[in-house]
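In the two complexes that follow, chain A is the common piece, with chain B as its partner first and chain C second.
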Partner chain A sequence: MMILKLAWKNIWRNKRRTFITLSAISFAVLFAVMMRSIQQGMEEQMVKTSIENNLGYIQIHTKGYWDDKLLENGMNVPDLPIQQIEKLDNITIVDPKLETGMITSFGYQSRGTYILSYDVDKDSPKQVRKKLIEGKLPRDGKKEVVLGIDLADYLDASIGDTLVFLGSGYQGSTAAGLYVISGLLDFHIPELNRSTTYMSLSSLQELLGAEGLVTSLMIELNKPSKLEETADRIKSVVGSDYEVMTWEELTPDLKQMIQASGAKGYIMNFILYMIISFVMFGTVLMATQERKYEMGVLQAIGMRRRSSMFLVCIENIIISIMGVIVGVVAASPIAYYFNHHPLELQGDSAKAMLEIGIDPIIPFSIDPMIAANHGLIVLVISLVLVIYPLLVIKNLNPVSAMKL
Partner chain B sequence: MKKLLFLTLAIVTLSFISSTPTADEIIKKAEDRLTGKTSYSEVTVTTIRPKYTREMTIKTWTKGTDYSVTLILSPAMDEGTVFLKRRNEIWNYIPSIDRLVKMPPSMLSQSWMGTDIKNDDLLENSSLIDDYNKKIVATEEIEGYSCYKIELTPKENVNSIWGQIIMWISKADYMQMQVQYYDEDNELINTFYGKSVKLMGGLKIPTENIIVPANKKGNKTKIVTTKRQLNIEVNDNIFTTQYMKRLN
Partner chain C sequence: MNTIIKIAWRNVWRNKLRSGVVFTSVVLGIWAGLFVLAISYGMLEQQKRGMLESQLSHIQIHSNNYLEDVKLNHQFSDSQLNQIETVLSKNKDIVNYSKRSISEGTGTTAHGFSNLKVIGVTPEIEKQVTSIHSRLIEGTYFTKYKNRPVIIGRQLAEELHLEIGKTMNISFQDKDRNFIQAGFKVEGIFGTPSQSFDKSNVFIKTEDFTELIASQTPYIHEYAINLNEVEKSTKIARLITKKIKGSTAQNWAIIAPELSFMNETSEASLMIILVIIVFALTFGIVNTMLMAILERKRELGMMLCVGMNKQKVFLMIVIETLFLAIAAAPIGLLISWGSITYFGNVGIDLDSVGDALYKAGHDSMVFPEIESSAYINITVMIITASLLASIIPARKALKYNPAEAVRAV
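Up next, the complex of A and B:
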């Protein structure tokens, strides 16, 4: 107990020395947390963009649909246990989707396009509305359509023009229809802007001659981190006639990209921690050398080596904990700010991100685990570094230590 | 006397050589006899899928290999739909919306009317004669007809979607009795079978053709020719986009 009191007094005895050590630790935490926040923010952004762009966290299809995307592998809405799925934990929206490839034609221009649909009663119009830059969303029951701006450009069509849709309907029938453009969409992704059109679910079902047909159920989650558990629970509800796929299975590319980005992050973090360790060691080295005389005196007046080693340890733990707390407290508002005001990339790097279908913005992640993990790592580093002063004390010769 | 003997020998040898035609000649004859200057056929196409079967009846006029027009008679839903091929273009007239659509290049690899025929196959201009090296590899019997088995491999610098084609062509009448299409990895993609040979429009042809995709279980397309005429009078106007609406 006395040693604890002594340690506390020692910390405040030389305020400048404490401040230097403390700030080294705080900055280490601050930088580590910031760096990981950016990395994880980027990864979260990638997932979020994909999921918003008609992917969902989890999808349900008829078994085999994902490998062979035929309308005949679609599902009939009345057969689906939608309400039972909606009742499950962690599920916010179960959204029926129908999509297919068709020719879109205006005048003598035509192009193969994807036709996606949204259920007017569900939340998905919100997602589409976010992309709407001109005009209105198709009204339910009207033969209206919205399309990507680059596609409209290619077809040389604008709002109010009538497009021809032509393709294969259900079970090999011909699907053909005339639809009026009611609005234009900008997905911020060239690939989608060139090839995507949206209409209401009922319109598309009518066009394909298949009432009640959907190709997938898209499921939004409350807590994305509980992905696997939720998928397992859905599997037990829908049975083996359907396939339940998480976004990680739906886009293995994205999963891989995130893993690659994570690996890159680990290397960067490792380098950062090497630098942090040396800086922290520098301050420890300085503080130890400075206190050699003091330690010599303590031993000369009869303090046992073990007690003075314990003393240094306690001092160090207190300073480290304070440093980590200061670092985390300093990092939080910064991460929070950039989470709400994301960094916007410019130039080539922005273009590269758009190419792979991701918005060129980096919102910082505010996952509390980042601060916890990296605070802990810095704490461990600083505790490992205590070994140095302990070794010095162990080998200390009081006489030579007191000779200045 | 010696001269005469030599001459007879030469004639015998020559006639012997000409009686076993080269692979090139066989393919050319097999192709030419089908095209003619013009043709008219009535065909029933049956698409067979694990979950459903769909039957279409169509009429087709062709002129050389560059022009063809196809009119769909049934099912009622697709009645009056017209496909026009002009060299590298495919046009599609849809009566239900009274519109004409030009098939975009990106859709060429898609299925035609839900069958196992691709839009590309309708355009198939690249002649087997110019683009492939051919070799007779065996003589085999198919459907009771003795056939040359011919292996076709694309020539260098030729952009072919197939890595290899194996054809069985009957020795008599040069009918395509079976064709296997392989991709670049030498995996079987499609098999085409010719069955029920009949005399039609003055030619012996397999009137029942079946396309079986190798990697899709339970899928096939049956094409039955019910009427066929060769080298008949065909009005050139029929092969224009303007005429498509009036064809019905």
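Up next, the complex of A and C:
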């Protein structure tokens, strides 16, 4: 008990030393958390961008649709428990979607295109509107479409021109129709610009001769980090006739890209941790040197080695825990601030990111697990480093330690 | 001044432990900075090289009509072809080149369709220019099937449920703008680092291409050229353009601007990481030196007592750090060079780090490499950072009261 008291007093006795040691630990936590926040923030940004391009965090289809995207594998809207899903936790939008492939032609040119529907009443027109660079969205009840700029370019068609759509409709019928281009879209992704057409859900259902048909329910989430739990909950609501897929299953490529960037992040973090550990070690080393005299005195007046080792141990544990807490507390508002006011890139980098369809900003992630994980890692490192002062005390010769 | 330098020098050797910490900090800082750069740069270069090898080549020539509007009948005229062949055969920097016919088309199977760039090639020649044949995951490169073989990408195969030996219908327009459709047998499936390339590009034989567009002679839209050195591509592209009429040679950076963009995007995040590392390191040195000043309180107090003025003490501490930083720089450089060279040969397997899972066709190995100018930049940066880091503790030392400090234990 006396040792505890002594340790506490020691910490406050030499405030500068305590402050230096503590700041080493706090900054270690701060640096590690910042680094990871940036990395994870960029990953989240990548996911968000792709999800916005008509994927959704979770999709529901009839079982088998994803492997074989036939209209006959679609779903009938009245059969779907949309309201029940909407009531679940963490769900912001449930958006019925219909998509199919058709041939579109204008004059001599023709091209395959994916026609996607959007529900005029839901929030999704906002996302389509964001990509609109010219013209207007199709008006309700009119036979109008908007399409990717590269597709329009290929067809030599522009706003006001009438396109022919031809393909197979629902249950083997032939689908054909004439639609006027009302606007052009730029997704910033060449593949989408080359192949995407949008029309309203009711128009597309009419074209395909399939009233009430949708191929998927697209679900937006409030908290993307709770993806799996939410998917599980949806699964229990919709039953086994439907497949519930998360974006990770829908676009394994994106998942891979993130894993690749994650793997690179691991290496970077590892290197950062090497530096952090060394900084902490350097601080502990110098602090121990400085206290040699004091330790010598303690031993000279009869304190047992074991007791003084225990003393140093306790001091270090207290300082480490305080340091980690200070670090986490200091990191949180910074991450929070940069999450709401992301770093904005300038110049060429900004242009480059816009070009591939990503906003040129780096938001920090505010996932609380980052602070928890890295705080813990730093705590472990700093506790391991206690071994050094313990070794020094063990081999201390009080007589020479007290010589200045 | 001489005395100060001498004292600083002796101080460095007197307390080896303290010197060791600062020394190691600088070595570690240089290594960390360079290694992080080398990994990022290596990844980018690899991706770039992969793209150049698998599809772009170093320089491409198209007719000006074609560049303006990608159409089947915007091919090279006979006189242009002759002219280009003469120019290419005379240039010694050109290693090899291939002629390609290109058409936009649509590939269809029972499972869906995909818009494609259909590229007609002469297999034996194309093999020398691009590396698609060595990136096959399955199948062969135009050796097995006699009748209309096609080489497709992994992504497309997955999408349309295609396997080796299965048939895909490809439709496009012939030279008279008639809509035509023909079945092609999948002979090979390739995987490049670019998924969008794998999804939308297919290769067929030039002779099949020519036959389908109902022409007697091949329609050539593109020359793909490889040089002995990529660096010469801008210069030689300009040279070729001058000598040919009605067509333009472009180097890879102009054909695929996203490749140079990639550099820019990753540079931004790299800078942030570098800043964090340099900060962590600077902070480490500040911390160590601060602690050292604390430990040396008595010593510094003594110096002040015997009449050394404060500026000199300040200078002494800064010079000590300078000595250590200068001594550490070559060691740091040596270790960096050694590790970058070693891992540059052996590679770092990203699969073994984290939970990354790579499918076939994906490069999971990273080979760090770096421009030699980076060695100097990083070293200068770290030495400057460590000198700046020594100023804070040195200033602290100035505030000591000699009478008190000399009694400190």
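Throughout what follows, the second predicted complex is superposed on the first by the 316 of 404 C-alpha atoms of A that agree within 3 Å, B and C clash if a C-alpha of one lies under 4 Å from a C-alpha of the other, contacts with A are read in each partner's own complex, and residues count from 1 in each chain.
The criterion applied here is as follows: contacts are C-beta pairs under 8 Å (C-beta built on N, C-alpha and C of every residue); 3 or more make two chains touch, one makes a residue touch a chain.
These numbers were taken from a predicted model, which means no experiment stands behind them.
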When the two structures are overlaid on chain A, which partner does A:164 contact: first (chain B), second (chain C), both, or neither? first
Give one of first, second, both or neither to describe whether A:362 is in contact with chain B, with chain C, with both, or with none. second
Residue contacts with chain A in the superposition, chain B compared against chain C: C
A:112 in the overlay: touching chain B, chain C, both, or neither? Say first, second, both or neither. both
A:101 in the overlay: touching chain B, chain C, both, or neither? Say first, second, both or neither. both
Counting only touches as set out at the top, which of chain B and chain C does A:334 meet: first, second, both, neither? neither
On the A-aligned overlay, A:82 touches which partner chain: chain B = first, chain C = second, or both, or neither? neither
Please work out whether A:173 is in contact with chain B alone, chain C alone, both, or neither, and reply first, second, both or neither. first
Where on chain A do the contacts from chain B and from chain C line up? 68, 101, 103, 108, 110-112
Contact set on chain A toward chain B in their complex: 68, 72, 101, 103, 105, 108, 110-112, 164, 166, 168, 171-174, 176-178, 209
Give the list of chain B residues in touch with chain A in this complex. 47, 49, 51-52, 54, 75, 77-78, 81, 92, 94, 96-97, 99, 101-104, 106-107, 110-111, 113-115, 216
For the complex, which residues does chain C have touching chain A? 17-18, 21-22, 24-25, 28-29, 32, 35-36, 39-40, 43, 70, 104, 106, 108, 111-115, 155, 173, 177, 179, 195-196, 199-200, 257-258, 261-262, 264-265, 267-269, 272-273, 276-277, 279-281, 283-284, 287-288, 290-292, 294-295, 298, 348, 350-351, 353-359, 362, 366, 409
Residue set of chain A touching chain C in the complex reads 16-17, 20, 23-24, 27-28, 31, 34-35, 38, 42, 68-69, 101, 103, 108-113, 154, 190-191, 194-195, 253, 256, 259-260, 262-268, 271-272, 274-276, 278-279, 281-283, 285-287, 289-290, 293-294, 343, 345, 348-349, 351-353, 355-356, 362, 404
